[in-house]
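For reference, the structure I am asking about is given below.
Note that the chains take the letters A, B, C, D and E in the order they are written out, and that residue 1 is the start of every chain.
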Amino acid sequence: MARAHSPNTQARRRRRIDPRRIGASPVAILTPPDARPTRIRTHVYDGAHHEIREGCAPPVEGAFRWVEIAGLADADAIAAAARALGLSDLAVAEIFQTDQRPQTEIDGALVQTFIRAPLGGPPLAGEQLCLVLGPGFALSVSESGHELFAPVLRRLEAGTGRIRSDPAYLFYALIDATLDAWFPLLERYGDAMERIEEAILRSPDHGMIGDIHQLRRDLLNMRRALWPLRDALAPLTREDSDRIPPWMRPYMRDLSDHAFQALDMVELYREVSQGLIDLHMSALSNRMNEVMKVLTIIATLFIPMTFIAGVYGMNFDRASPWNMPELGWRYGYPFALGLMGASAAAMIWLFRRHGWLGGGKGAPPGPDKPTGD
Amino acid sequence: MARAHSPNTQARRRRRIDPRRIGASPVAILTPPDARPTRIRTHVYDGAHHEIREGCAPPVEGAFRWVEIAGLADADAIAAAARALGLSDLAVAEIFQTDQRPQTEIDGALVQTFIRAPLGGPPLAGEQLCLVLGPGFALSVSESGHELFAPVLRRLEAGTGRIRSDPAYLFYALIDATLDAWFPLLERYGDAMERIEEAILRSPDHGMIGDIHQLRRDLLNMRRALWPLRDALAPLTREDSDRIPPWMRPYMRDLSDHAFQALDMVELYREVSQGLIDLHMSALSNRMNEVMKVLTIIATLFIPMTFIAGVYGMNFDRASPWNMPELGWRYGYPFALGLMGASAAAMIWLFRRHGWLGGGKGAPPGPDKPTGD
Amino acid sequence: MARAHSPNTQARRRRRIDPRRIGASPVAILTPPDARPTRIRTHVYDGAHHEIREGCAPPVEGAFRWVEIAGLADADAIAAAARALGLSDLAVAEIFQTDQRPQTEIDGALVQTFIRAPLGGPPLAGEQLCLVLGPGFALSVSESGHELFAPVLRRLEAGTGRIRSDPAYLFYALIDATLDAWFPLLERYGDAMERIEEAILRSPDHGMIGDIHQLRRDLLNMRRALWPLRDALAPLTREDSDRIPPWMRPYMRDLSDHAFQALDMVELYREVSQGLIDLHMSALSNRMNEVMKVLTIIATLFIPMTFIAGVYGMNFDRASPWNMPELGWRYGYPFALGLMGASAAAMIWLFRRHGWLGGGKGAPPGPDKPTGD
Amino acid sequence: MARAHSPNTQARRRRRIDPRRIGASPVAILTPPDARPTRIRTHVYDGAHHEIREGCAPPVEGAFRWVEIAGLADADAIAAAARALGLSDLAVAEIFQTDQRPQTEIDGALVQTFIRAPLGGPPLAGEQLCLVLGPGFALSVSESGHELFAPVLRRLEAGTGRIRSDPAYLFYALIDATLDAWFPLLERYGDAMERIEEAILRSPDHGMIGDIHQLRRDLLNMRRALWPLRDALAPLTREDSDRIPPWMRPYMRDLSDHAFQALDMVELYREVSQGLIDLHMSALSNRMNEVMKVLTIIATLFIPMTFIAGVYGMNFDRASPWNMPELGWRYGYPFALGLMGASAAAMIWLFRRHGWLGGGKGAPPGPDKPTGD
Amino acid sequence: MARAHSPNTQARRRRRIDPRRIGASPVAILTPPDARPTRIRTHVYDGAHHEIREGCAPPVEGAFRWVEIAGLADADAIAAAARALGLSDLAVAEIFQTDQRPQTEIDGALVQTFIRAPLGGPPLAGEQLCLVLGPGFALSVSESGHELFAPVLRRLEAGTGRIRSDPAYLFYALIDATLDAWFPLLERYGDAMERIEEAILRSPDHGMIGDIHQLRRDLLNMRRALWPLRDALAPLTREDSDRIPPWMRPYMRDLSDHAFQALDMVELYREVSQGLIDLHMSALSNRMNEVMKVLTIIATLFIPMTFIAGVYGMNFDRASPWNMPELGWRYGYPFALGLMGASAAAMIWLFRRHGWLGGGKGAPPGPDKPTGD
């Protein structure tokens, strides 16, 4: 886990609030310390064509634009592009605050949505995406420019379906691709928990509880990323919104469904991971029982026997007929051994009666196998 | 449990998200990898007649249709039938996404409801059902074509009651039959928990906690299937819905009641299963107490006696009158045995005083037996 | 508890869903397997008179009717009476479904309320009551015909107060009597928990956790019976209801208050019972500590002494001046005993320092006694 | 704690439902068994004068009345006074039901509020207050006539502020004084928990868990008393209420604030008390670890040494050169002692390596001390 | 921790309710016992100028005022200034009640907001801030006059951005600076928990649970400070508010976002801290297992060997051929040693089979390392 820890620590270091921000103007632009190099390009497209231009291209009559920004290092270029598209000072400044709560802000003709995209895990890594829908254009700003949007780009290039019909549809497709990316990550967490579960049932080990703790912390961070989507996606599905064409409502509702589904899985996994902790504590407790039983069996078996041996090792003066006459018996030694054997047999009988040795008193019942139904 | 694990693993493998879906068009049709062969048939009926035709039959003047699809393998045939009935591209594509949240989508004249049907358990197996109500027809799409709808079919063939009155009633009857199927499954989980409870009280065993964990996981999945029904059934009971005739409202409300009742049982069972974990931990802890008590009684009984035996086994030079004069006493051995007996008696008295041996200090009180009330 | 288990098992067997109901018509009447013989009688009353007739009497000009049905065995007679009073097929069928969620259905001029009445406990026994308010009549259907309504009947016979003023008041009085019956039952659960608490503090015993588990299960079932009353009673207090005369609103609100109060007690008892589990686990853990302390004190006291005895029991050749010269000392034996005593004294000093013997290091603080305030 | 238990038991006995109430008329007046003697007096006041008259004084032109009733024993006198002030039969009967949920009933021109007042604790003691606001008068009914209203009375006598301006203000001042009384009680619970926390950290003791359990039960009862205030105070702050003058709204909202604040403290203390249970269990577990470590160190130190002594105490025939030649060695005894010493040294090295003896492997980190910030 | 405890105790002592307040007039001004000296100054500013005057300066035509009060000792001066600005008696009195729930009161033209500002931690220290927005002025009252507002003051002096545009913006900037200050504090708590986590994984120690308990108590107090902000900030973002200019809505919504974000972190940390308790209990339990295993291995290894030595230390009369013939064997001693060795070997084999010694039965699985994804 040693190496795996470092990305996590990085993730936390990024979350660390920038001390320059305390009390600062809300429109001050503060580039994150670890920002990646900026790359800006514009997809200009209509039903028939699709073309990629470097930088933030100006509007083209009859065509739509997707301005795609990756990397936050060049704050000036990003701010210039964003202002050219009509974003307010506050909206521009928020692009650079990379651990915001997922949210949608509707400001005049612009819809600005912040969501979190998964980058990998466990341990969980993620980043903030800013998506803006405006008249005739969509804008996307990602921290790392990763491969998340590649399938959308392929669809845009192929021109099939509705992908070139309206920037609102592209805006939807980008959010949809981001949400889709959470599911395989969640699967990986489910698999990790299953492996831990099997390992606990095989043989509990203290390191596991640290692993479970790590998974739970990641699941908590996922919930923090997914829970606010309820409120962030609601404005997009609302009947009275005039920025999203009415025919897109079922698509937007579908986004909400998927966000809820991902959240359901996070909650399921949180409860399962809590169950793993119970399972682990029970396994530890059980193993302790087992250890103690072995000690108790051995000790209680031998302690009385050792006592008998001790008695006949005493050095009382054999001159008195009252002192240890057994030592002079012809069968004194066999008698002593028999005494020891009897004590052991009594102990073993006691252990059997308590079910500590041999079969116990009945097989534990498993859940029913379904029979036919 | 070894064999029982495989269906469960299957269930999970099916839930695994299709990597082709990430970033794909929302209207792309992706057949699930383990889809069963498709069978399409149409029930054409009116108050007087009922007839079954293969495939998706065209509308018949004055008659209603129930298009029944089982198995998702033949995506083309299913998509053609669904489009012929007026479903949108998105609605068609969702039929093939077999782990959706239960939901109802109202799109123009069509009502599309997704619910989960139980197939068996424990371990839990289930599938997604898609039910559509449209003008003059109902459509059902199931993954496995199991026997769930058989009683509804018998009622349709018999023609008694209101089953042939309106496709909305048939739509209701199909959902009702699906919800009904959850109750015997829940009973089986209740029975399984009772058997585990009795086994814990009889004799705790580490395997049980794994069984409880498995049941809890299934109950969590049931909640995931049943909880969204609140929202999925609400549009069907709403006053302003014009797709459901007003006289059907009490029926639809009855569906909601039953969904809540099933959910209440899931919550009850979840809490009871949590109680089983407490019970189990307490039983383990109690058994440990018992084991330790036996060890302690035996050890503290014999350790002082063994010490006395050790003392009189020392080899000090009897020449000095100060050295072990007891060894020369006429009643030295009886004296030593008496010393040992006294030490044992003191220990036993101590154990009795602490209630570790014999009757203890009072019978534990059970809950009252009701007397007459 | 052996005998006490049987009513509980009965209760569960009754809850078991009737397999005939799966997929059946919602208006199919299915008599419960253990239904009691049916008895139908009608109270005909006005301000001045009160008369009891066998069966479901026809309406009498200027008089009100209370049709009282007990026992569900004779489905035909009950259904005939209910239909004569105007109940729909669905409403009639639900009378025979004896584990419904508490609910109120308003259908035209009829108000139909299902609630659960307590029969006894612990272990909890209960039954479903169906109460219907219609024009000029009230209908009550109980499974067992128990004594719950006796005080209401006495008031009706006495004719005091408003009991003869309107069937809505009688309808209210019947629900009120049912809710009242929950409180003494809850008191009994509170008493049972207090007895368990005192017993745990006196001396913990493994059986207690089973008793607590049983109480918790009953409390969960009570919550299941009482929680839905929020929704079931709300339609009766609503301003726009025209089936309940306005002057009765405070009475109906009082019903809600009492339902909430019972529910508050259930929640309180659930938390207290959870506390009992903590108390019990702590008591077990504490007793284990005590057991281990005794073992440790005895063992660590005697083990070094036994070792010393063992040393002087060795048989080294006294010819060498290096071999066990102590054995030849004049005061060798007192020296050895002194060594043993010193080791024991050291141990006892150690135990005292850790507070394992004698007074410890300070009295534990109890909650303050209120002084005057 | 023995004596402290009795008030608590009394409190519970009072809560016990009166069996006469089951099925009784809702307007039946049932005096509580332990009611105190009744005292009725009336404060007649206007801006300039304040006068106290015995009994329920009739209205005086141009003056306001505060009818103050303490003690419920004389049901007839109380009922007569209440009916003279316009209370309905139901409202009168509820005065005598002394464990009602806190609530506000608005009936025509009358506002009737029930709240719970603290009398002392731990263990918690409380009583029900009934406050009524009517045209030109306020009515207060308390069970014990305690000193709660003394400061309000002093303000009324002094005539400063708005206390004589309107009965609504007096009604407010009485509720405010009652809510104020909860805070010092809550402080006492906070102090009690802090004392327990310090005691646990000093040395855990089984009795503490009983004390915590008792505090938790009281906190649950406080929540039961305070939680319903949300709903009980809401009608008093509502804009459309015409019984409270508009200028009093900020005062009424302030009441809500204080109720929420008290509830926040109860919730805080409940969580802290749960933390105390964790702390206690951890302390017990830790002490067990400590006890076991001592036993293990002593036992594993001496068991091998005792074994060696045992070996050289065997009586094999020295005639054979193979039998125990060590006994004949010149340095046999020092060799045996050396063997024992080596075994002890090995054990001590092992204990040190596991950190069971001496300094361990690193100091535990405490939370940071704030440095200057 | 000893010194760190005192600020915490102070914090608690301040929370202690003032006994003078019970039943007192709501407009009575009660200076907190530990109030700091008062300092009042006024910032008079417009777009072009900024000037600081001592005391509460009168309004200046065309300019705005920020009246800044620090320290509550001089109640008369503060009350005079506040009344001069138009605050009601109740609003003035609340300034001196320093543990109010965060809240916003809108009274005529005035908006009065109470929030809590962090001063440091762990252990947590905080204070109440009162911020008032009125026509042409903003008022701030802090208990300690700390450095929280320094960055805002610098912006006001610099005159950049909108800081001089409207008192509503200044009012916003003051709340924003206060909220900003919570984040670095939260980071410190996150760091503290991480250090504890690492320490637990390294070596559990009883003191840690006390530290966790302390952190949890602080987190609960933070939740108490942050949770009510939901309601306190809502009136500031509402569309129909005419005290906040419409262009400021996004700024006010941003405040809500940040409050939610801080609250999310508190909830996250509370769950993580709960996980630390599980981790700690598991570590203690694990260490106990380890201790017991060592004891059991040593004891069960040596107890049978010691028994054998005891047997051959018995003193039976060698005259009888039945008595201890082994003692006379030529290889009796090697035989006895061999017997001991065999018993030890059997024990070691048993321990290996149970995985108590050496490698165990399989490496525990960690969460996956992400591979490329």
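Heads up, the rule we're going with is that contacts are C-beta pairs under 8 Å (C-beta built on N, C-alpha and C of every residue); 3 or more make two chains touch, one makes a residue touch a chain.
These numbers come from a predicted model, not from an experiment.
**Q** Do chain A and chain B face each other with the same patch, meaning over half of the contact numbers show up on both, or with different patches?
**A** Different, since most residue numbers here occur in only one copy.
**Q** In angstrom, rounded to a whole number, how far apart do the mean CA points of chain B and chain D lie?
**A** 38
**Q** Return the distance between the CA-based centres of chain D and chain E, expressed in whole Å.
**A** The computed centroid separation for chain D versus chain E comes out at 23 Å.
**Q** Of all residues in chain D, which are in touch with two or more distinct other chains?
**A** 184, 281, 285, 288, 292, 295, 299, 303, 306, 310, 313-315, 324
**Q** For the protein chains shown, what form does their contact graph take: line, ring, star, complete or other?
**A** Topology of touching chains reads as a ring, each chain with two neighbours.
**Q** Quick one: what's the order of chains around the ring if we set off from chain D and go to chain E first?
**A** Traced from chain D through chain E, the chains around the ring are D, E, A, B, C.
**Q** Could you list, by residue number, the parts of chain C that touch chain B in their complex?
**A** For chain C paired with chain B, touching residues are 1, 3-4, 12, 16-17, 19, 21-27, 88, 90, 94, 99-101, 103, 105, 107, 120-123, 125, 188, 191-192, 195-196, 198-199, 202-203, 205-211, 213-217, 220-221, 224, 228, 277, 280-281, 284-285, 287-288, 290-292, 294-295, 298-299, 302-303, 305-306, 309-310, 312-315, 324, 326-334, 336-337.
**Q** Within their complex, state which residues of chain E touch chain A.
**A** Checking each residue of chain E against chain A gives 148-152, 155, 160-161, 163, 173, 176-177, 180-181, 183-184, 187, 190, 194, 197, 201, 250-251, 253-254, 257, 260-261, 264, 268, 271-272, 275-276, 278-279, 281-283, 285-286, 288-289, 292-293, 295-296, 299-300, 303-304, 306-307, 310-311, 313-317, 319-320, 322-324, 350, 354-356, 360-362, 364-370, 373.
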